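Next come two complexes, and both contain chain A; in the first it sits with chain B, in the second with chain C.
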Partner chain A sequence: MSQRTVREVAKPNENEKMEDIRTPFSEFWRKFKKQKTAIVAALFICLFFITAIIGPYIVPYDVAEPDYDHILEGPSSKHWFGTDAYGRDIFSRVIVGARISLAVGLSSVLVGAILGSILGLISGYYGGWIDNVIMRIADVLFAFPGIILAIGIIAILGPGLYNVVFAVAIFSTPMFARIVRGSTLAIKETVYVEAAKSIGTKDKRIMFKHILPGTFSGIIVYFTMRIGTSILTASSLSFLGMGAQPPTPEWGAMLSSGRDYLGVASHITFFPGMAIFVTVLAFNLLGDGLRDALDPKIDN
Partner chain B sequence: MFKKVFVLFLVMALVVSSLVGCGNKTDTGAASQEQKQEATEKTQDESKTPAKDNKDIVIAVADTFISMDPHDTNDTLSYSAQKTMMQGLVGFDKEMNVIPVLAESYEANEDATEFTFKLRKGIKFHDGTDFNAQAVKVNIDRLANPENKLKRHSLFAIVDHTEVIDDYTVKVVLKEPFGAMINTFAHPAAMMHSPKALEEFGKEVSRNPVGTGPFVFKEWISGTYLKVVKNENYWKPDYPKVDSITFKPVKENGSRIAMLQTKEADFIYPVPAEQIEAINGKDGVIVETKPSIIVRYLAMNCNKKPFNDVRVRKAINYAINKEAFAKVVYGGYMEKMDSIIAPNTQFYSKQENTYDFNLEKAKELMKEAGYENGFETEIWSNNSSGTIKGMEFLQQQLAQIGIKANLVPMESGTRLERIWTVENPEDAELQMYYGGWSPSTGDADWGIRPLFAGESFPPNSYNTAYYNNEEANKWIKKGIATADNEERREAYEKVQEIIWNDAPWAFLGVNLTMGGRQEYLEGVYLLPDGSLSVEDAEIK
Partner chain C sequence: MAKPLLEVKNLKKYFPVKKGILNKKEKFVRAVDNVSFEIYNGETLGLVGESGCGKSTTGRMLLKLIEPTDGQIIFQGKDISKMTDDEIRPLRKDIQMIFQDPYASLNPRMTVGEIIAEPLIVHNMYKDSEEMKKRIHELLGMVGLSSYHSVRYPHEFSGGQRQRIGIARALAAKPKLIIADEPVSALDVSIQSQVLNLMQDLQRDLDLTYLFIAHDLSVVEHISDRVGVMYLGKIVEITDKDTLYDNPLHPYTQALLSAVPIPNPRIKKKRIILEGNIPSPLNPPRGCAFHTRCKHAKDICKKIAPEFKEVEDRHFTACHLY
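Up next is the complex of A and B:
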């Protein structure tokens, strides 16, 4: 009896201790799980990833197989999203298109983030003329509207999905560079970096081991939001005929081929348009949620 | 919920498309004053009741006009506007038959080297100059002189000299026999400028057209509109029956359709095939479709493997489902092609063994030719959305016999460079070319010689199939060596048979012309070559 009482008293104490140990992750999770929209967005994005991975194996129709007896048909139980000008199943094409959009969005931002982070670290850590050169180049790239810059790059390299990835990566780079540079400038002055310097740690090690992890929260937020924008840009370029070439089931290309039918068969543009819209929205909402969760100044 | 979202989306789409339309109208940066002027015109239009109570017609077209000098024009659209103001000695009727216009009658000698025209009397140009034999000579001399560097000089390079017999008789003498010359005179390129205007404006006649036509030039603001007004002294009594015509270039299909539906335009062309059913017969809109002389083809480079094998070329012809092509790419508005030229072209002769869709036969032919497993190739063409649709269809069809075709849509500059700057046929990278051809003289010669004669390889002309057959060349020459229609007919029958059986093209179909008009507008129609005729325009 007395033993039990002791235990009962002890239990809350234990719990308090548990809560006291706030790892960065648990802290993040505590804040993040309060954001209902971001959770929904995250769930949708998980679904999007799964679709992208297994999509091509589960679709009911071959995405390239035309069926000239069933062209421009509206949504039905046979074709959930209807068929396009060649009688191809739009549902299947939207599903398979998810992989392309994800691949293009993810890879272009990844390349941009890596390049930008390295440049931002160098620029912020060394300062001086290196900082000047890198940041002025970034300013020049900022001065271009993103899509115009991408069109310019494609005009030089020629149309194609790989070039779209490259173009989007190029104009994602300066923003990452700027974010990382900002954090670097602050972290550079902290005591632990100074301590590392004073014991003779090499620059490279300081930059990547001590400073870079501190910039992650900024990178992650921007990274997430950027994926949405990249998917949108890649689709725009395909819409303009500069990205994916037919018969690739890329969402932007599908919109483009459907626009002649807007008045008579709007489902051809509606579903890929919705797919782009919902995906970009999800990434932006998730990005918002992540920012609130990762920002130490916001505590709810 | 879903319905709400859907409606919202449609509204957004409408807003976007109308914005696109606005962008096009102003994209050439017309001065604000002119825009204001246009705006006031519009409000005037709007203040009237929907039923037409004025006689001012608005015609919306798909592209901007390039030039108002017929001698220096090579686009059908500019000709459509020019034809309201200018006329030639002869012209075409609705079926592309040659009819006298400014000439009363004409005759050719037996060798087809001399063409004599008797002119109509009492006709005056818009500037008051008399139309007579001297005026004709000035115009033909201008066309025939290579130093003038006119785009249509090539049609008249064959002219040796022009003689004025008397005030109303003129004789054109050619360097060599050319049986299709009357059709060349009927071509809009041979329309007559006022000699006074030619003297006064020089090269600038391209912006100051003065002719004998039913309408007089009023104003042209590039990219915005071109306006012509009634010619009060027109030589045909009681014509024209409308007061003015305003042409407006509207590139976006959707905006053009909307203009017709809102009665902002009285006539539009072309009407995109996929929209015809949605608008025809509704709100007083009538869409008219008629067979044209424009043929669609997929040329194959006969100089190069694997297309140098006639079995491969035939296999490709059999592998393409032409009915599906018409349905998918032209919304069903296309006719079957059963010769190398369209039925409305002069001297057309129907071929017996058609290349009807037959996959078994196609595969067999491929096997015989040693390409059982197909091959990889490229299709080149321009980059408009309609063309890309056609290319994508062909890609699907060729895949059925194992041919992997990569699509290369090119903008016009690139196309020019990669096809029409290649001097040596052996260097040509061209494999397959998807295109269309409108023989605007309406004669078999212009539908065959530039495309199939051995002398017409790029860069000289348009033989993108690099087709060269001695026998065919011989008959093509014979066809133009005489003005005797029976002899010409025989020559062209032979030519068509030979080329059809050699299959240097995959023969896809004959386009239809598609124009949309308001119920109350009559007498505006499209000729089979795709140009517009408005002389008989009338509001009822």
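Up next is the complex of A and C:
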């Protein structure tokens, strides 16, 4: 008798439609698409990605070949962004530079995020002396301004783009470690983690299956913003002559080489500078939008 | 009497209280203090007591979610209290837990299917994913849900349905003993009886043994075979349900039972009102822990802790009156 009542009440409503399911993603998308600035930023970043991929195949001029008949020319219909001191087309160089900037920004942050997430996860989950060691090292890295730390690392490793990636990755790591550690501390106390433990789930599975997905929203937001910062830092290092070496069309290196002509041909520095500015801004705005869309407390 | 499925002997949990900058462990919260009981195959042992009396801590220690300070937990003849995580893992299949808050105990980022599959994956019970899927659907059916619910997320369900998911997860590994930590106290009263009936049906069909932790005496009366009453980290009385409800011996049990509402306004009943508050487990009273609030308290109660002894047939209590 009692059994029947139980079954009856629990019977699901057959009319429920599968389309009504509110997955975490649909919830995110609902909030994200309301943010116009972030959408524009996202579209720009898509364009940036496409440029980075196909850019080198569509540019009108060779980016390294000097053309001494057309040096320091201002923007014209032939050279949209003008030419530099060697007569190279700045538009082509900015386009090709997108690939370098994106590769450096993305890979350095990716390495930093993976390294930082794992360290943060271990630190937060196990606690104790492991936590102390990892977090104190992070504090030491935090104490340096990013660019100084990067210069220090490059001073040891020598200049070059790969070392820039490494340097930027190192100084992105502690921030990711802190973010993930914070979320881990909160999530590991939840009842569902306790439930997983009671089932007999191993630590590794708890960390990667139950805790890590809960930290993703924080990671994604910071990841996006960090790409902007990393592009900026990488450009700064190249500007200082520690990253990409000429004639590589890296934005920071282009700024550096145009510095001497600032008075007579400001377009040489203006266009790569704008490229850096707009790209970093777009990543930051997208990060802001993602943060608002992923925050369950903000709802409109 | 058959051998008990689970035997708990002198279980203790003292939480250290850290003080000062040197983290000196000066005082201890005696959350569970010398608790002993047995659970026999197929029965339901209810564990009641007010908030903070250590009943949940006891339940969690049985699963080693909290490391016991001292004492033995003997499950199927093996002492699990000193086992390491790796040694105990295969045994976890046999002891599962149902949690109080169905909103917190399910990972919001996993589908219901993934949640229920977790014990099956962890214990490597199915090699074939189709068979595992079948088992998940079977489990959902057992708790009164439908197989298509397995692709949904916990937030799409009501509290009662979530608790059913929690029960399905607990059943997945085919356990012998289920520790239910206030499984219905977070639910509406109308849903409570459904979940309780479901648990009883499952117990009958699957030959389960329950340790049922609750503070609601009528719920415990409904589901239990035997009932233990806890006060300030100690079990003060333990006996068959009928004996306890008809003839409570310990003054605390008497007071507790007098507080159960009777759905009949014409019946006049004598309510025993306890004076004062429950003492702090940080600094429990000497002698009998209950003497500060007991109207029968004598001099001996203040000095010597009463022994936990069998006063009547299978009726244990810790009180100097008997």
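Just so we're on the same page, the second predicted complex is superposed on the first by the 280 of 300 C-alpha atoms of A that agree within 3 Å, B and C clash if a C-alpha of one lies under 4 Å from a C-alpha of the other, contacts with A are read in each partner's own complex, and residues count from 1 in each chain.
Heads up, the rule we're going with is that a residue touches a chain if its C-beta (ideal position, glycine included) is under 8 Å from a C-beta of that chain, and two chains touch if they have at least 3 such contacts.
Note that the coordinates shown come from a computational prediction; the quantities given were computed from them, not determined experimentally.
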Determine, under the contact definition given at the top, whether A:Phe270 touches first (chain B), second (chain C), both, or neither. first
Pick one for A:Gly200: touches chain B only (first), chain C only (second), both, or neither. second
Touch test for A:Ile50: chain B only (first), chain C only (second), both, or neither? neither
First (chain B), second (chain C), both or neither touched by A:Thr190: second
Considering only touches as defined above, state whether A:Leu262 meets chain B (first), chain C (second), both or neither. first
After overlaying the two complexes on chain A, where does the chain B footprint on chain A coincide with the chain C footprint? none
Chain A partner contacts - residues on chain B that touch it in the complex: 6, 9-10, 13, 17, 253-254, 257, 272, 274-275, 277-278, 321, 324, 327-328, 383, 385-386, 388-389, 391-393, 395-396, 407, 409
Considering the complex alone, what residue numbers of chain A touch chain B? 64, 66, 68, 71-72, 85-86, 241, 245-247, 256-257, 259-266, 269-270, 273-274
Within their complex, chain A touches chain C through residues 2-3, 5-7, 9-12, 21-24, 190-192, 194-202, 205, 210, 213-214
Can you check the complex and tell me which residues of chain C touch chain A? 63, 65, 88-90, 92-93, 96-97, 99-101, 104-109, 118-119, 122-123, 143-146, 148-149, 152-153, 155-156, 160-161, 164, 166, 169, 173, 194, 197-198, 200-201
